[in-house]
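What follows is a pair of complexes built around chain A, which joins chain B in one and chain C in the other.
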Partner chain A sequence: MSAIGLTAAGDASDPIDRWFPVARGEEVVARHIVQTQLLGREIAVWRDDAGVVNAWENRCPHRGVRLSIGLNTGTELHCRYHGWRYASGSGQCTYVPAHPGQKPAAAMRVGRFGAGEAHGFVWVNLIEPAEPPHLSALASAQATTLRSIYARAPAVTVAACLLRGYRFALDPTGADDSPTDAALVASDAYTIRASVHAVLREAVVTFLLQPVGASQSVIHGLLETTGETSGVDADRLAVLRHHNAQMTALRDAAEELC
Partner chain B sequence: MISLYDFELSAECYQVRLMMAALRISYRRIELDVYPNREHESPWFLKINPSGRLPVIEDDGLTLCGTRAILEHLTGRYDPGGRWYPRDDPKTRASIARWLEVAERLAATAGAARMHDTMFEHADIDACRAGAHALFRALDEHLWFAEQSGHGWLCSQSHPTIADLACFPDVMLSEEGGISRLPYPAIRRWTDRVKRIPHFATMSGIFSASPARSALT
Partner chain C sequence: MRPQIESLLWDDWHAVADFEQLRRSGRFVTTLLDVPLALELDPETDSVRARAGGAPIASLRIKYGFVWVCLGEPVRDIVEFPECGDADRLLGTAGSVRVAVSGLRAVENFLDLSHLSFVHAGFLGEEPFTEVKPYSVESSARDGLTVTGCRVYQPKASPIAREGFEVNYSYAVLRPYTVVLYKANPVEQDRRDMIALFVQPVSEESCVAHLLTCYLRHGVEAAAVRRFQQFIFGQDRPILENQLPKRMPLTAGREIPVRADVASAAYRRWLAEAGVRYGAIPAA
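This part shows the complex of A and B:
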């Protein structure tokens, strides 16, 4: 797998050779094509029927049309414009409707990026795939991926806002339902942990920032909890809504600064 | 037979065509040259609808203007099971009323931006796009929690309602008005689901989806 003439888009300090989450894994649903962007590069993310996730340059090599408006047939992507088909995994063109008898040349191949799944997210590396990072903060914890929030603010601004303070409730449906100040630790410019403790209980949100481009980012969140959890579905939804509200407030604060 | 006064590129007319297709209603189209020749403002059409707006249907002596009235009429008369607009379910009907109002705001923002860019209508284009993005944010959040609650439609039903059909066209055509849907992944999944409604009708700029996996296995 090779890089495709990459240059740093957006913040020149953003590292290209790094794994970033781009979507919650369960949102990369069958027969769908996720349209996202990382460091200014548009990416078509799709899962084949065997479960394999592909992250491709969102551009048909034939005429440059976005592949994300095409079709995911479960084994191939079909370009909407002239119907060229590209195989899951290799990205190799398998069929050109205008030349049905000809085997497409090996050079007719979409640009591919490194893709992998870990911690409930799909991760992409624009350069060389190794393995997505291991980032669990808590041993034997229950982990939940939160709703990812798009911000019209660069990752650096979101990180700065986050480090000024972040609050969430340990138990939004129970006795500890008022938000409290979280302890914040930045592992690097894109990974910030916010933790809240109580007796025998702990909750950590690991924020993973996806630099979309010079002025946009996505805030992904992984919630890990230890201690008693009710496991009731209504509570799960309440927890998701609580963190969605807190992360939306963070987004609004970051956008205020832009 | 129902007659539909129609313009192929109108998002509002497309709402009615989607409903007709989903209910398997056969109808006669009377095509108006809205752009560029403004036939909806011609004397013959103003006799049918003095407001000069599309869509209009004629059904069994009844002339109806406007998407909301038309969708209510079509479901009332041609959807005996009441799946698209449940008759005896006040909560769902209230939810549908809310999203039909959102559909009107989508038309005034995303729809107006598209008319500005493609048919040179006057509009405050920046305000239209900003308004559309604000609506899309709320829509994306609503649909994400709908998915988390185990259903995929706007109004808490196992079946789509007229609210989904009313909101879909201006959302799906938004890129023609310079409004990207890249920041709205839950909206993008919902548009795939709408496209997989049986007998889904396409229009210029809106394509069908690949078959769902479950439909094949």
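This part shows the complex of A and C:
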């Protein structure tokens, strides 16, 4: 792995060849470029107008300027410094404005990572460009991505905090509106499921931890519920606020340990 | 206690402060080559004293409106510009700007022609005039680099330019952290305005860019020159601060140059051959 772009190394125990969520899909909006970091590497995430998501090394191979300050035209990304253009998908340079008549060499290509979308998240694998994982906990459930929360604590600390206990309400807007202890299952170091259930109703929050670097992480959450929901927007907002408050408390507890 | 910094930099002069600013504030602290400096004006004699840590600095001079110091034993003089003596020129400091990147990257950016149409669009370049025509570079171990024959279409080449025209540029890299630009004056197109960039290496990954302008007077006001140069440099700064890594790689192939970058490529080669390591990721 190149030292370029490493601002903080990931924890030595973090696996490189693995899929991690890096953003909610709805945050990667058209014509924007999202800057994120995974295991100490900066990544520029952007969606083309056909909907395809790219996860690129966040530096132009020409002079190292962050591509996230560039321009997303819907088919290409333009570097802010010299206007070099890179095609969605291949990352190949298509045009160098300083030499308009010349075809850019094959070596003029940005570093790409595996990228895909599943369960409302954009996933990145630093090694393998393959398919992101399938992780639905509940068949035919209603799924909602919760607001992702940045933590100044490594993923391992967040996971440890979470496994000590997590509470949330099965139905924040209805009968079961008080938080109760969730049953916790860790499928691996970065994926922990918290579930609460009652008769004919169940809610599961799948926590997906993004190791940003040695001392930071992002807590992503996917909420799945079965049973009746009111379908009222005000209720939906109240549910999101409830989970946001619980996840914020988790973040605070993890940061306290650092 | 001398840090492991090459003599080429340690035993050379570096601009560290704008003298007029120091006159106003009386005191100024800064850092050169990772060494903290404290400058103090003696109002009685209008002279400057400098200390590095606790120790007085013997090698201190005022030149071109800047305070210069040498931390080691000066083996050569401060760079000399004969133009600065011309009576019909306006000499001025145009700002000292802290930039969170290696000073070598700041020098390279100053030498760079192909960014003008993008970073300085509407002033020093403009689409579709993005093509960089061939120019010449000469390199010598002793005298540095000379870059000549650059022709650039500029919509507003200087504070007094009223229309766009093709400007002739040339550059000289005189020291690892010193570069000067000569460009045709918009009124007397056979004479050249001069802008020098003295980069103060603060650390390997940060610098202060000191600008000296030496324009022909023709209706030019000092404040307008200063404002123009600060505006232009303000456009460069966010680009420079987004370069990764912050130090400049000297290994060929770590960053991909094209023909328009022959000046940059020659600069990197010259630095590598001269043994400059400070602010660089040295060639393997």
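Worth a mention:
Criterion: the second predicted complex is superposed on the first by the 250 of 258 C-alpha atoms of A that agree within 3 Å, B and C clash if a C-alpha of one lies under 4 Å from a C-alpha of the other, contacts with A are read in each partner's own complex, and residues count from 1 in each chain.
Quick note on the criterion: a residue touches a chain if its C-beta (ideal position, glycine included) is under 8 Å from a C-beta of that chain, and two chains touch if they have at least 3 such contacts.
For clarity, every value in this text was computed on a predicted model and none was experimentally measured.
Look at A:237: by the touch rule set out above, it reaches chain B but stays clear of chain C. With both structures placed on the common chain, the touch criterion links A:97 to chain C but leaves chain B unconnected. Touch criterion met: A:63 reaches chain C, while chain B stays clear of it.
By the document's definition of touching, of the two partners only chain B reaches A:34; chain C does not. Of the two partner chains, chain C is the only one that A:82 touches; chain B does not reach it. When the shared chain is aligned, chain C comes close enough to touch A:107, but chain B does not.
Chain A uses residues 42, 69, 80 to touch chain B in one structure and chain C in the other. Those residues of chain A whose C-beta lies close enough to touch chain B in the complex are 23, 27, 29-32, 34-37, 42, 49, 69, 71-74, 78, 80, 147-148, 150, 216, 237, 240-241, 244. Chain A makes touch with chain C in their complex at residues 3-5, 42, 58-59, 61-66, 69, 80-83, 96-100, 102, 105, 107-108.
Chain C contributes residues 113-115, 117-119, 127, 130-132, 238-239, 242-245, 249, 254-260 to its touches with chain A in the complex. Residue ranges on chain B touching chain A, taken from their complex, read 141, 144-145, 148-149, 181-186, 188-189, 192, 207, 209-213, 216.
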